[in-house]
Each structure stands twice: as structure tokens, then as C-alpha cells.
Amino acid sequence: MRYALLVQGAPYSHQAAHSALRFASALIDRGHRLETVFFYHDGIYNAQRLATPPQDEPHLIEAWQRLHHEQGTALLVCVAAALKRGVIDERESQRHGKQGHSLAASFELTGVGQLIEAAMTHDRLVTFSP
Amino acid sequence: MQLHLLNRSVASSHVYRDALRAMSDDDYLLLIEDGVYGAVAPLVEHFSSIAGRLFALREDLESRGLEGRCAESVIVVDTEGFVQLTEETERTVSWF
Amino acid sequence: MNNADSTTALLVVLRHAPHGSSWLREGLDVALVGAAFGQTVDLLFLGDGVQALIKGQQQGPLGQKGTHPTLDMLAMYDIETLLVDVESLAQRGLTEADLQLPVTLITASQLPHLFAQHTPVFNF
Amino acid sequence: MQLHLLNRSVASSHVYRDALRAMSDDDYLLLIEDGVYGAVAPLVEHFSSIAGRLFALREDLESRGLEGRCAESVIVVDTEGFVQLTEETERTVSWF
Amino acid sequence: MNNADSTTALLVVLRHAPHGSSWLREGLDVALVGAAFGQTVDLLFLGDGVQALIKGQQQGPLGQKGTHPTLDMLAMYDIETLLVDVESLAQRGLTEADLQLPVTLITASQLPHLFAQHTPVFNF
Amino acid sequence: MRYALLVQGAPYSHQAAHSALRFASALIDRGHRLETVFFYHDGIYNAQRLATPPQDEPHLIEAWQRLHHEQGTALLVCVAAALKRGVIDERESQRHGKQGHSLAASFELTGVGQLIEAAMTHDRLVTFSP
């Protein structure tokens, strides 16, 4: 089946990202496809480029990026939720006259419409919240 | 038929009440994260109305030292079993 | 309705109060965008979410925007079904007369059916 | 003498119980943010044990449409009054 | 005690369970740093916080660190007063025998005094 | 009196930052000094450099910076809480082999010891949490 996940918790603050990543791995092991992860609310902090966790803790941002590279999972970040929270890409940064960017590679800013579409077109949508 | 997920302890949050009120007679409830504290007596009594349809995630029980304390009425599943529950049900609703 | 073809409507459940957190605002955004995409959207106000409908709300401190102006825009987006859990109202001493908009009251026995008949359900 | 702050609604969180249990007989409790929903009947009854020492923040009542609904037993203060309460008490303890 | 001169001790109240959020971990960090700075630190486990003491905890998913190893280090930091609210234990079906470390049980009538006698109080 | 604030909520997600800023302004109006604001837990996101709120919403990061400039308030960000959440300054960025920084001007990374000290040396400490 085709799965989408909705992640709404900040990494390192709540267990939502941990739970979602573990679920992602298990669904892939069962032969399903994880097509889309949508990050909303504080979940957008999962796309924070400069996250520097202690060495003895899992690097959650890199775990998402591995999913993207190995499974082709789209990592979609709600642009409205992300901009006000300061997670922005090079294009938005220039558009707003800022220097530099904070969105990690493999993540893309997109609208809430993509969440609606994911809910409509995937077989399953599972939400992990703080 | 739906799978409801609950990640809050019944000891500190009222949200479990709304989850129970929203459930149909054949829906499942899976306790995850801090929700698994509700799988232990006496807190598990709050779920007596859904006996046989109450699940708890093994990994979250284990990490919290609750594996041996989980009530017998609770069906323990690992994350693979969690995925299976999402396969068997039409839709998942998360309560937090 | 925009999308009479669709067999099911999208349900957005609003369970958080205004101002204290952004959950209510972000839930409403999902509803508005869903409607803009041509989906039929029903809103259910449950638990603290019913407080979103209290009359006479204002901006928060420092000009923090409220959600009450957004509620007034729902009809423009063809979001006309505002479902309100009667029990949540009663627990908070509220009646229909205290609310900013006309609503459809939902009793406990109708609640499971609501969740069962909508796809998808977004729970905020 | 302490000032306790509570920012959660009594209708959804149990934390108000711990706040009340931690209070001394002359401590104050100030409801702020979503805590102010507890200043309205019937929820305000949960605070009957601290009558005369229960405050609510005016700005948070106003923004939520509660100014006219606040129970008479609650002492309404604005943010300046909030600062005054922190002056008059030795210490502030926040419950969330 | 490191700081016998100090007239009051610092109280860190831990009210959150392990793993679900970082509150417990971050609260413990404040306690450890306070002790490292020579303050007398008392810990109070209240509400869901008492669950931090349950025996037999492990790492979380993906190697998420637990807080149980930190608890074992408290004595090294001269944090020896672990106060536990009896009512919070009872509500969760726990007794002293279920806990990882020896603790001092606190009854309801002692709670207000605890908050009144410590400065500062950090509530996590 | 000398006040310190402890802010633990992310801006735009919870009211904590709004409440703290309003309280800050009122205490200054009453003739007190706001010497220190310490950001911990998700409060560290208040120091997010690239925050881009909608034009009709308050810019909370700039409001903190104004306090720093006008009142000399120290804006202290817990380094351990900030690093894992990806809010880092130029120095930490280089030390960890990263490019760019995400800490807003006028904020400084510091240890939890500064919170303990603030609690001990100020007349009042008021906490705003999510």
C-alpha cells in the first residue's frame, strides 16, 4: 500500500519524530511504500538544516534524508508553518531579503494543498503529533 | 473500521475520553508513547468499555519499564503489528 | 457544495482553544485549503475546540491574531457544516446562544458515526 | 508567600490539581493564557478551595471573549497587576 | 552537601514521563548543573514525573536515550534527596518497591511546605 | 527590582513568548529592570534568525531584540537545548563543520549554569511555558 505520514512534533522535544521514523521503517519492511511525509505545526523543525544532536543520540534529520534517498520518499514541509518558524529555503530567503537558508537538503517547502492531496491519493495517512 | 492512536497518559490528560467517545463499536485503540502508561492497572480501568480492542505498543512499554506491568486485557503489538493494524483498518485517527 | 461528486467529505476536528496555541489556526488552515481544493469539508468542534466559537473574541497581546475572523470567512469557502459536540459545550457552561455562528449540535450517540463516515479525518 | 501561574484549562488538563496541592494557605493562583477558561462557571468550581486568592489575567479573558463571563469570585488583574502580584509575593511557580 | 552555607536549597520538580518529551531530561539537566555549581538540590517527582523512577527502563526507538542512567548518577552530584509524591504513585498503581532508587515519600500535607521552603523552584 | 524570565515555548506555536513579552513591557513600565531572559526547551526557537512571520503578525524575534537594545536585557539561549534543535551561532557551526548559522543577533548561546545564576542573583524569576 501507499502510505503518507503527517508529522507535527519537533524533534528532540517530543517523541513524534522517533515514532514516525520507526513506523516508517516497519511499513517498508512489510513491503509497503512510504511516498510522502508531510511536516506541519512544530513538525517543520524536523527540516532544520543545522540540527547538531549529541553524538550518542540519533540524528533525526539525517534519518529523514536517508528515507528520501533510499525510498524516494517526498519530504514536504508546510511553507506557511515553516516561514514563521524560521525554516526557509534559499528562494524564500532571497524573496524576503534575508541572508542564508535553514531548510535541510531533501526537504521541500510546499503548501497545505499537498497534505490534502496526500490524504486523498494515498491508501493510508498516519499522524504523529506532540 | 478505524484505528485510533492515543499518545497521552490517562493520568494527566482528558483526551482519552474524547477518543473513546469518537470510537465505533468495532474500532481499535492503540496506546503509543506516553499513552502506554494507561495499559497498566489501575489506569487501564478507564478503557474497560473497549475490552478486546485495546492495544499497546511493545517498544514503548519496554522503554518505560512497563512490559511486565501491562494488564492482561491489553493486546501488546510491536511496530510491525502497528503497521498491520493500519492495514486492517480503513483509517487512522490520532489523539494527542 | 463544491464537490457534489465526492462520496465522502473531509472532516477537520478542532480540539484546541484559540490564542493559547497555534493548533486551532493551523487546523482551520487545513479546512480552508481543503475547501479551496474543491473538497467538501465538515468541521467538528470538540473539547476545548468549542471555545473557538465564543462570541466577542479579540486580538491577543502584541496584536496576536485571533481565529474569530477566520470563522466568519468559512461560508465564503462553502464550509457550512459546523458541528459542535453538545457535551463539550455543557462542560464549559456554554449554550448555542453564546456562539458566534449558527451550528449543528452533535450528541454523544452521533459522534462515532461522524468519524466513521468521513475520509480523511484530520484531528487538530 | 508564592504566586502560582496556571496556563492550562481545567477542562482538558489535570495539572491544576497538582498546583492546588502545592499551594500554601496564603498563596495566590493566577490564571493566564488558556488557564482563564477556568475562571468561568461551572469550571471555576474546581477552585472553590482558594476563594479570595484566585486571579485571572484580563487581557487573556478579553481576547477569548470571556470578560463578561468571568465568575464574580475571581479577581481580574491586567498585566500591570500581574507584575504587582510578582512584587508582593516572594516567588513565582509556573504550572503547565 | 556541597553548600552547607546556603540557607535554602533549590527545588527541581519533575512532572513529565520519560521518552514522550524532553521535559524530564531537561529538568534533570537543570538539577545536575545546579549541583555542579555548588547548590543544594532537591528533586520532587510529581504527577507523571514519578514514572521516571520505574525500574527496568530501556532506550527508546532509534536509540533514543532514556533518563534512567542519569538518575543513577545523581548521587555522584550529591543530589541525595529524591522526594516522591505518594498520591502520584498510588494513582499509577506504583509502590516504593517498583522504583529504581531509594526515595523519600511525601504526603499531601507536606507538599505546600516543600514549595514554600525552597528558593528557587524550577517546575518541569 | 531585578527580573529574569525563563521562556520555554516556541514562538508562533504557543502563547508563552507573547505572554512573556507583554509581561516584560509591563514590568519595565513599573520601573523594574529586566536583566535576563533565558530560553530553554522549545523556547530556544525564539532565537531563530530566519523567522519570517506574516506581515500582519507580531515579529517576536525582533521584539526580543528591541528589549536587548533598549533595556540592555541579556538574551541567553541554552546551548545544549539549542544545538540539538539546530539554533547555532557561527562559532558552533564551524566547530561542528557546518556552513552558516541560525542564531539571531543579540542572542547568545550559554550554559544552564547561567539560568541557575539568574535564579540566584535576580529578585524575581518568572517562567513562561508552552
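All chains are identified by letter, namely A, B, C, D, E and F, in their written order; residue positions are counted from 1 within each chain.
The rule is short, and it goes like this: contacts are C-beta pairs under 8 Å (C-beta built on N, C-alpha and C of every residue); 3 or more make two chains touch, one makes a residue touch a chain.
Note that the structure is predicted; figures quoted are calculated from it, not measured.
Enquirer: Going only through chains that touch each other, how many steps at minimum separate chain B from chain F?
Expert: The distance in steps between these two chains is 2.
Enquirer: Tell me, which chains sit next to both chain D and chain E?
Expert: B, F
Enquirer: What shortest step count links chain C and chain F in the network of chain contacts?
Expert: Counted as steps through touching chains, the separation is 1.
Enquirer: Of the other chains, whose C-alpha centre is the longest way from the centre of chain B?
Expert: It is F.
Enquirer: What's the call on chain B versus chain D, same or different interface residues, using the half cut on shared numbers?
Expert: The interface of chain B with chain D is built from mostly shared positions.
Enquirer: Name the chain whose C-alpha centroid is most distant from the C-alpha centroid of chain E.
Expert: The chain lying farthest from chain E is C.
Enquirer: Could you give the separation in Å between the centres of chain A and chain C, each centre being the mean of its C-alpha atoms?
Expert: Result: the chain centres lie 26 Å from each other.
Enquirer: What's the distance between the Cα centroids of chain D and chain F, rounded to whole Å?
Expert: Roughly 25 Å separates the two chain centres.
Enquirer: Between chain C and chain E, what distance separates the C-alpha centroids? Give it in angstrom.
Expert: Spacing between the chain centres: roughly 40 Å.
Enquirer: Among the residues of chain A, which ones contact at least 2 other chains?
Expert: 12-13, 15, 19, 22, 41, 57, 125, 127, 130
Enquirer: Where in chain E do residues touch at least two different other chains?
Expert: Residues 19-22, 47, 60-61, 64, 120, 123.
Enquirer: Spell out, as numbers or ranges, the residues of chain D touching 2 or more other chains.
Expert: Residues 7, 11-12, 14-15, 33-34, 59, 79, 91, 94, 96 of chain D touch two or more partner chains.
Enquirer: If each protein chain is taken as a node and each touching pair as an edge, is the resulting graph a line, ring, star, complete or other?
Expert: Basically it's none of the tidy shapes, so other.
Enquirer: What chain pairs are in touch here?
Expert: In this structure, the chains touch in these pairs: A-B, A-C, A-E, A-F, B-C, B-D, B-E, C-D, C-F, D-E, D-F, E-F.
Enquirer: Can you list the residues on chain C that touch chain D in the complex?
Expert: Where chain C meets chain D, its residues are 17-21, 47-48, 51, 54-61, 64, 66, 68, 91-93, 98.
Enquirer: In their shared complex, at which residues does chain A touch chain F?
Expert: 10-13, 41-42, 45, 48-54, 57, 61, 83-88, 92-93, 96, 98, 100-102
Enquirer: For the complex, give me every residue of chain A touching chain E.
Expert: 12-15, 18-19, 21-22, 56-58, 60, 63, 130
Enquirer: Can you tell me which positions in chain B touch chain D when the two form their complex?
Expert: Counting only chain B, the residues touching chain D are 11-15.
Enquirer: Would you mind writing out the residues of chain F in touch with chain D in their complex?
Expert: It comes out as residues 1, 3, 15-16, 19, 22-23, 25-27, 29-30, 32, 124-130.
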